[in-house]
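Here the chain labels run A, B, C and D in written order, and each chain numbers its own residues starting at 1.
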Amino acid sequence: MSDLAAASRILVDQGVFDAAGHVSARHPHDARKFLMPRSLAPALVTASDILELTLEGELSDANAPRPFIERHLHAAIYRKRADVMAIAHGHSAAVIPFSLVRTPMLATYHNAAFLAAGVPVFDIRDRFGDTDIVISSPERGDALAETLGDKAVVLLRAHGFVAVGPTIEAAVFRAIFTEVNARVQLQAVALGGPIAALDDEEGRQADAINLATVGRSWELWKKRVMP
Amino acid sequence: MSDLAAASRILVDQGVFDAAGHVSARHPHDARKFLMPRSLAPALVTASDILELTLEGELSDANAPRPFIERHLHAAIYRKRADVMAIAHGHSAAVIPFSLVRTPMLATYHNAAFLAAGVPVFDIRDRFGDTDIVISSPERGDALAETLGDKAVVLLRAHGFVAVGPTIEAAVFRAIFTEVNARVQLQAVALGGPIAALDDEEGRQADAINLATVGRSWELWKKRVMP
Amino acid sequence: MSDLAAASRILVDQGVFDAAGHVSARHPHDARKFLMPRSLAPALVTASDILELTLEGELSDANAPRPFIERHLHAAIYRKRADVMAIAHGHSAAVIPFSLVRTPMLATYHNAAFLAAGVPVFDIRDRFGDTDIVISSPERGDALAETLGDKAVVLLRAHGFVAVGPTIEAAVFRAIFTEVNARVQLQAVALGGPIAALDDEEGRQADAINLATVGRSWELWKKRVMP
Amino acid sequence: MSDLAAASRILVDQGVFDAAGHVSARHPHDARKFLMPRSLAPALVTASDILELTLEGELSDANAPRPFIERHLHAAIYRKRADVMAIAHGHSAAVIPFSLVRTPMLATYHNAAFLAAGVPVFDIRDRFGDTDIVISSPERGDALAETLGDKAVVLLRAHGFVAVGPTIEAAVFRAIFTEVNARVQLQAVALGGPIAALDDEEGRQADAINLATVGRSWELWKKRVMP
C-alpha cells in the first residue's frame, strides 16, 4: 500500500475521517502535480485508486476514474503554498463546532503545537453568498487558500477542516491532533475559566519536536491499517 | 442481503440503533404497501425477516411472524407523504436531548443539510395525555405524521426520532447524520455564543449534493455489514 | 453459559461494567438464598464461577472460592425486597456524576421509564462517617436497602449504582438504561432550560411495555457475548 | 511478555495511552536503576524492547537502542521518591483539560481514591519560560518531581499526567482511573453545583482497599492484551 493510501485509511482508523474525507500529496518528482484518491470512501482507498492531477485540478489522464469535486481545494493550496507537500480534509464531529462559533481554536497541548500560530475560519458566504458549501471550483479553492494563509490548519464553517504539512506523515499527524485538540478544548471550556494553552513560542518549539518524531506515531498508525 | 436488511444493520453499525430501532421501505411495485422487519433487534435482521404490510398497518400475510407495534408510525407517514419511500426510527442517546428541551435542532454542517428546513418535536401528551410513549395505533401515527409535515426529520419527546427520505439510502444517510449533527450541536452549544448553522438556502443546495452522492457512503456502509 | 454468567458479560459488553461490577439472582428454588459470581472481573465469569449464598451473605458451601465482599449489598436488598429477583451493581462513569451533585436523575426516555418514580442517592457518610466506601457489612447493606426503598435504582455517592428487577433480564435492562439515561440527561442539562422528562404515569405505562418486551433486547445482548 | 511490556499495552488497550506514553519500573534487584521501553509506540512494546537505565537517566548498556528523551522524567522521580516502584506518563485527552484551568482534580469515586490527597499541576513555564514542553533534562525532571511531592499523580500543563505507585499494577491502576476520574468530574461539573467528592480520610481508606484488590483488575487487563 502506498503511503497516500495508508494515510487515507489511517485517518479513518483514528476516527478523523468517516465515510468521507480525502488526503493528497504533491507529486514527489513534479511540483506542478499532485496525487489524490479517486472519488471513494477513504476506508476503501488502495494504491490503485490514486489519481494524478495538475495544479489546475485537471486529471493527467483523461481516461482516469472520476476524481473528487473537492480536488479544487487541494489544487488551490498547492498553487499558493510551495511549502505544502500534503493536505488532509475531513469533517470530524469534534472539530466542526469551532467552525460555527467565535471561540478560536487554541493549542491545548504539545501534540497540537501547530495550532498555536492561529486557526483561521473560512466562511464561504463571505465571498460567495449562499452555496452548497462544497469547494467545487478554482475560485472557491483560492478563497480558502487565502484564508489559510501561512497556517497549518483552516476551519471551514459548517463543513470541516483542512490540515497541511511538509510531508504526508505531518499532514496526517496534524489532522489527527486537530481532532484530539478540539475534544480537549471543548472539555477545558466546559470546566470554565481561562485556558493556559501553548503560546506562540511554545508552539514553535514543540512543533519542531513533533515533526522530528512523527515517525514513531506513523509506524504504529500504519501497522494498524496494514494487517 | 436485501437493501432493507442492510439498512437495519448499517444503522446499528454506525451507532444510530441499539437493541431497538427499525427501518422500512415503501413497496417498490405497490405504493399502497410497505416492507419492514418483523419484531427483532435490528442487528439480527436478514432478508427473510422482512414483512409486507398495508398502509393501514395490516400484515399482507396473516400467518407472518409478529410485526413491530410501531408499524403504525411507518404506515401513517406513508399514508400522508407520497414522496417518502423509506423511514428510519431510533432512539439515539445524542438525539433525545433535543426532544426534551426548547433548543431547536439546527443543520450544523453540510451532511446534515436536510435539517435546515426545521426539525419539529412531537409531544405525544399534547393529543393523548399520559401514555406508554409508543406509537401503537393509527391515531398516534397520524398525529406524528402531521407534526412531521413536509420535513425530513421529526423528534419524538422522551422517545427518539424519525428520518424519512426518497430512497432507503437517503433515509439511512439522514438517520446517521441526524445523530452526528446532534453531537456537533451539543458541543457548539457548550462553546457558547451564536451558532453559524446552515441557512435554508444553503441547506437546500447542500442536500441536493448529498442526495446525488449518497451512493459513495452507502457503498462503504454496506461493505462494513456484509463481511 | 448460565443466564447469570451471561448477564455479567452482557453488562461488560454494553459498557456498563468495567473490570469490576457484579450481578446476582435470587435462587430460583429457594427464596432465602441467592446466586452471585465469586470475586472475579465480570468479563471472565462463567457458570462454574457462580456461588450460592444465604440472605445473611454466608456461603452455602464453606469450601467455595472467595466471594465478593459486597455480597452484603446484594443480601440486604434480597432480605428487604421480596419482589426483587436480580440485582446489578456497577460504577459507570456516566452515572457517578449524579451521585455527586444535587441534580436528581430523571427518566429522559421510555427505555429509562423505571427511573420516573425517583432515584434516591445513598451517602454512606450519613450513617457511617468516613469509610472506605465499600458496602462490606450487613449494616451498610441494610442502610443502602433502606435508601433504595421500593425504587428500581439507587445511586451510591462517589461509588456507583444498584439496579434491581423482577428477573435477571429486567435488572440487566435497567442497569444498561440507567447508564444511557445518565448520558442523555447530561446532554440535555448542557443544552439548558427545563427538561420534559417522563412523568410518573408515563413511567409506569412505559415500564410495563419494557418489561413485556425485554426478551427482544436480551436475545441480542446474549448473542453478542456467546459467539 | 514481561509485566512492564504488558503494562504498556494495557494502558493503550484501556484508552489511556495513544501512539505515545511510557511506563517504567524501578529495577527489582537494584534500586539505583530502572527499566523502561526504548523509544517506541506503547502498543508495540515487547519484553525485548525494555532498556535498563541508571537513576541519572543513562543507559546501562551504551549499545542499547535509543531511549525516550523523557527518561529524565522517570529518573528524577525515582531519585526523589524511594517509595515509588513504577511510573506511567501519558497524554489522555480527558485529563489535559485539568492541566489548563484552575479547577482542581477531585477524587470523584472510590477507584480514584489516590487523588483525594490532592493533584498538583506542573507548569514548565514557571521555572523554564518558553520551552518545547518536553521533560528532556535532569533539571526539568527535578522540577517536576518537586511539584509531584508526595502525591500519587501530577498534571503537566498543556502536556499530560504522571501517575506513580508502589507496584507496576498500582501505577497502571492509577493511570487508568486518573483518566476515568477526569471524565466523571467533567460531567459532574457540567451538572453544576457542589461536588461531594471523597474527602482525605475516605481517600486513604478506599486507596488501601484498591491496592489490596488491584490484582483482580490486573488479571483481566493483562488477559485482554495477551490473546
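For this structure, a couple of remarks:
Methods note: a contact is a pair of C-beta atoms (placed from the backbone, for glycine too) under 8 Å apart; a residue touches a chain by one contact, two chains touch by 3 or more.
Bear in mind the structure is a predicted one, so any value in this text is a computation, not a measurement.
Of all residue numbers used where subunit A meets subunit D, under half belong to both copies. The two sides are thus made of different residues.
Ranking all chains by how far their C-alpha centres lie from the centre of subunit C, first place goes to A. Spacing of subunit A relative to subunit C, judged by their CA centroids, is 45 angstrom. Subunit A and subunit B have CA centres that are 32 Å apart.
Multi-chain contact residues of subunit D (touching two or more other chains) are listed as 190.
Interface of subunit A with subunit B (complex): residues 18-20, 39-41, 43-44, 91, 93-94, 96-103, 123, 125, 130-134, 157-160, 186, 189-190. The touching residues of subunit D, when paired with subunit C in their complex, are 107-111, 113, 180, 183-185, 187-188, 190-199, 201-202, 205-206, 208-209, 216-217, 219-221, 223.
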